[in-house]
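Following this line, the structures themselves.
Common to both upcoming complexes is chain A, partnered first by chain B, then by chain C.
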Partner chain A sequence: MTAPVLAVDDLHVAFRTRRGPARVVNGLSFELHPGRTLAVVGESGSGKSVSSLALLGLLPGTAQVRGSAVFDGAELIGRSEEELRRVRGAGIGMVFQDPMTSLNPVLTVERQIGEALRAHEKVSDDGVRSRAAELLTEVGIPDAAARLRAYPHQLSGGMRQRVMIAIALAGNPKVLIADEATTALDVTVQAQILELIERLQDEHGMGVVWITHDLGVVAGIADHVVVMYAGRCVEEGAVDELFGRPAHPYTRGLLGALPVVDDPRPARERAELVTMPGLPPDPADLPPGCAFHPRCPVRADARCATEPPPLAPVPGSAAEHRAATFYVARGGHA
Partner chain B sequence: MTRYALRRLAQSVAVLLGVSVLVFAIMQLVPGDPIRAALGQQADPETYQALRERAGLDDPVPVQFVTWIGNALTGDFGVSFRTGETVLSLILERVPATLSLAVAAIVVALLIAIPLGTLSALNPRKPVDWFASLSSQAGLSVPDFWLGIMLILVFAGTLGWLPSAGYVALTEDPVDWARHLILPAITAGVSSGAILTRFVRSSVLESLGQDHVRTARAKGMRARDVLTWHVLRNALVPLVTVGGVQLAYLLSGVVVVEYVFAWPGLGQLAFQAVESRDYPVLQGAVLLFAVIFLLVNLLVDLAYARLDPRITYRSAR
Partner chain C sequence: MSDVLVRASGLRVHFGPVRAVDGVDLEVRRGETLGLVGESGCGKSTLGNALLRLVEPTDGTVEFDGLDVTAAGRRELRALRRRTAMIFQDPYASLDPRRTVAESIGEPLAIHGLHKGRAARRARVGELMEVVGLNPDHRGRYPHEFSGGQRQRVGIARALAGEPDFVVCDEPIASLDVSVQAQVVNLLVRLQREFGLTYLFVSHDLAAVRQVADRVAVMYLGRVVEIGAGSSVSGTPAHPYTEALVSAVPVPEPTRERSRQRIVLTGDVPSPADPPSGCRFRTRCPKVFEPCPDHDPVLQPTGPEQAAACHLHGVTDR
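Showing the complex of A and B:
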């Protein structure tokens, strides 16, 4: 296998709060290879977005980041603001959730794409205009020249997200981080955006980190999946492995909460959707042991409440399928 | 944009009509006989009666109003009871002084508010922030007249750098105009600056937390460009509103400051008119203040629409 373009190792992020440190990311590790898609899945507040912002130094000053993130052979954590600035956009592009608020309402599309172009090289006004029009065409916006003069509110939601993607592509990044990039969109538009990113990934050979809570999206596009809970990876593996043989009770809970659309059985014979009781823990007050144990339906081991289970290979699965649960380590499979 | 401007203009005219009714009504309700006040107690009854008739004070009130507003529309606001000059000329005489002071004061206010408010928003709960909020508190609490007197004592008295009072027209001597303007402008600008500092701070803080600022940083833009084009540019939109209100307030005369610096502005004119029950002058001045407020507000709204493209868009639909 090729060397990873992005390798995150034991990433920790804590925020200073009045109630003490809120530990939002607690030892996250993953690798992203060029041209591949990694999905990071978890509930709101599981630390998905914070991890990605931490890589680029985009968190507020109250955040303390530790660990390692090697991008393209160079460490990102602890680098100076100016060094990180050069990576932002040019090395790693980002697409955010809500394209309405993520674009500046008072600046034209041309201006906002132009900023991304000018951030990393000197470009003339004409150069900006023609390059921005090219980018709009590339992300599937018709009549690009006219759209350049538009303001975000004059575009539809899907169109805005295409503009966001054009901005992210402007610096020709090796890695694209899509942070809930389809969450705010209609289902039909979601599908278009997913297709667009897959196409762009093929054309540019980018590695894509897809941050989402939507398992449907993950199944469609990911090669490898990392499931996050309370700021750590609880299970990871190839997408088929993980969906086919989920090992962690949390992953199973997530999959159980997902409706099966093409279930051939009549409605009353289908398995009921399982909801997971409880809420993710407060990052300022994490439970001891496995962070999931208060909500865990299994809790099969005495150590669950006292020591965090290590991320270990799932017996009988491919080597990269790993889960952080004592349950699996004992070989139990439901 | 044109349609929007026309609609706002029509609204302003309607408001102005309402204001003129109110101004007229209040003058009718104020106790005291203006002719008596102008002539003094010893005037003979014939002169008194003649003046009353000339001023139209014996006509029915609605007739007085229609006459007054009709004349006002042609620029005739009547004649001062006290000096016999036309109200229009009295007001126009004072406009340059007031305009100089108001514009200089708002410049002082913005020069204080924008850097201080931005610095404190960028460093929340740091010493700069404390300093800013402390000085803004002080600026609001210090009475104008005291600040004016202190400035005169130090810069005109002890140091002797600047004149202590008076006004010189810009057309007469620009340098002297500026020298006379500095102290009153600072005095009048400090409290507006204090109000605006708090406003800039909260506006910039809000702007800083916007998603599009994060997008701008994620593009790899330099911190300075992000601050200028995404934080300040967007914080400017609400600032224009509050700044406009402050400007209108300064334009309608800062009575105390004008008094302290013997500044022949509109505030002083209105104040003297109240003292001497000079109704025509007072009516004219109040109406002018209303026009100033409406005009500044209109300009603010138009500027707003230019600064935020979403606004014209909404009204055009």
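Showing the complex of A and C:
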């Protein structure tokens, strides 16, 4: 396999709060290879967004970041703002959930794409206009020349997200980080955006980090999946492996909680959805041992409450399928 | 007793030039869950509101258990309000932050003069909290002291306070995390069976709707374009829009999801202030043909318990 374009190793992020440090990311590691899609899955507060913001130096001053993130051979953590600015956009493009708040409402589409183009190279006004129009066409916006003069509020949600993607592509990034990029969109528009990203990825060979809570989307686009809980990776593996043989009780819980649209049974003949009692822990007050143990339906081992289980290979699975649970390590995997 | 509890006929709700609901005929049967799905701006929430007369219809009628809601006077409306309730998407926004949850849950009791007296009301509030899975000892707490899922339970307890027959659930799980969504969905289903409730379950999430709804109605641009048994609407959709919608909902099974044929619609939803002539879906429909621009299709049967407004099943006009 080729060298990873992005390798994150033992990343920690804590925020200073009045109640002591909130430990939001607690030793996250993953590798992204060129042309591949890595999905980072988790619920609110699992640390999935904060980790990607940490890589790009986009967190506020109250955040303490440790660990390593190597992009294209160079370390990102601890670099100066100036150096990081060069990486953002040119090396790593980013698309967020809500294009209405990430776009500037008082600037035209052309100005905003132009800003991204000028940040990476010297271009003339005419050059900006034609390159911006090219980018809009590339992300599937018809009548690009007219759309360049539009303001964000004049575009639909799907169009705005396409503009965000055009901006992210302006610097020809090697990695695209999409953070809940389709969450605010209707499903038929989501289908358009998923198709667009897959096409762009084929054409440009970008590595994509897809951060989402939506396991359905993950099933369709991911090569490799990282499941996060309380700031840690609790399970990772190739997408078929992870969905086909989920090993961690949390992953199983998440998958069981999902209704399936094409289940032919009528509602009244269906079983109840699987639920997990309780809530994810407060990052300023993490439980000792495994952070999931207070909600875990298995809790098979006395160590669960005292010792955090290491992320270890799942017995009988492919090497890259790993889970952080004593349950599997004991061979109790059913 | 008719098996139809709520009936909308020729219902229109216009906001200025915007035709949010534009000619809907719909029946909700006693004891069923009718799912109402559609994408942003299709008019599904407005329709839910109009059935409870929380917005005034521009035209058409709504009947509740034989009573013409649209013509009801103050006293009749008050009686109607007790028999109907609404569960909202965002429990942050629908609960008063300065009131304890017991006050919020008890308010409908006071308004409708139910369970009179402090002790009776206190007992009833405690009972309601238990029914929805909240600890009655937390009655004195404020909304911010609860998680999103618990706050939604407070909203549900409040909705049940007046012992309603008909509950409109408007995106009740949209702002919750997956594991919490499942808890709320299971609770709503359990409550329906326990109290014989009739639900209109309004959601953009077709998979969630399929989990709870006996029948499903699909809306597009102010109209119901298809209605039928849940398994028929998602299994053998009769309207091209439903087909696209079903195909776009991701399935959490990788091999199946990768091999599914997604129907990717082109373009955006037209403005509800200026809908296309003829069939409103024709500008984006992959199966558009000659009659579509000139004839405005009506819902017609396409199978047992299924109807669609599409010329593919025979050309019709409104």
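FYI, the second predicted complex is superposed on the first by the 326 of 334 C-alpha atoms of A that agree within 3 Å, B and C clash if a C-alpha of one lies under 4 Å from a C-alpha of the other, contacts with A are read in each partner's own complex, and residues count from 1 in each chain.
Rule of thumb we're sticking to: contacts are C-beta pairs under 8 Å (C-beta built on N, C-alpha and C of every residue); 3 or more make two chains touch, one makes a residue touch a chain.
Keep in mind that this is a model prediction, so the values were computed, not measured.
Chemist: For the overlay on chain A, clash or fit between chain B and chain C?
Modeler: Once both complexes are aligned on chain A, chain B and chain C fit side by side.
Chemist: In the superposed arrangement, does A:R88 touch chain B (first), chain C (second), both or neither?
Modeler: A:R88 sits against chain B, while chain C stays out of touch.
Chemist: In the overlaid three-chain picture, which partner chain does A:F243 touch, first (chain B) or second (chain C), both, or neither?
Modeler: After superposition on chain A, A:F243 lies in contact with chain C alone.
Chemist: Thinking of the overlay built on chain A, is A:L58 touched by chain B (first), by chain C (second), by both, or by neither?
Modeler: After superposing on A, A:L58 lies in contact with chain B but is clear of chain C.
Chemist: According to the stated criteria, A:T275 is in contact with first (chain B), second (chain C), both, or neither; which is it?
Modeler: Second partner only, chain C.
Chemist: Regarding the shared-chain residue A:A144, is it in contact with chain B (first), chain C (second), both, or neither?
Modeler: In the superposition, A:A144 touches no partner, neither chain B nor chain C.
Chemist: Name the contact category of A:H120: first (chain B only), second (chain C only), both, or neither.
Modeler: In the superposition, A:H120 contacts chain B only.
Chemist: Who contacts more of chain A, chain B or chain C?
Modeler: In the superposed model, C touches more residues of chain A.
Chemist: Note down the smallest distance between any C-alpha of chain B and any C-alpha of chain C in the overlay, whole angstrom.
Modeler: It comes out at 9 Å between the closest C-alpha atoms.
Chemist: Please name which positions on chain C make contact with chain A in the complex.
Modeler: Per the touch definition, chain C meets chain A at residues 33, 39-40, 147, 149, 177-183, 185-186, 189, 204, 206-208, 210-214, 229-231, 234-235, 244-258, 260, 262-265, 268-269.
Chemist: State the interface residues of chain B toward chain A in the complex, per the touch definition above.
Modeler: Listed in rising order, the residues are 210-212, 214-223, 225, 229-230, 233-234, 237, 307-310, 313.
Chemist: Write out the stretch or stretches of chain A touching chain C in their complex.
Modeler: Contacts found on chain A: 43-44, 156-159, 186-192, 195, 213-220, 222, 239-240, 243-244, 253-268, 270, 272-276, 279.
Chemist: Which residues of chain A touch chain B in the complex?
Modeler: Interface residues on the chain A side: 53, 56, 58, 81, 85-90, 93-94, 96, 98, 101-107, 115-116, 119-120, 151, 153-154, 164, 167, 170-171.
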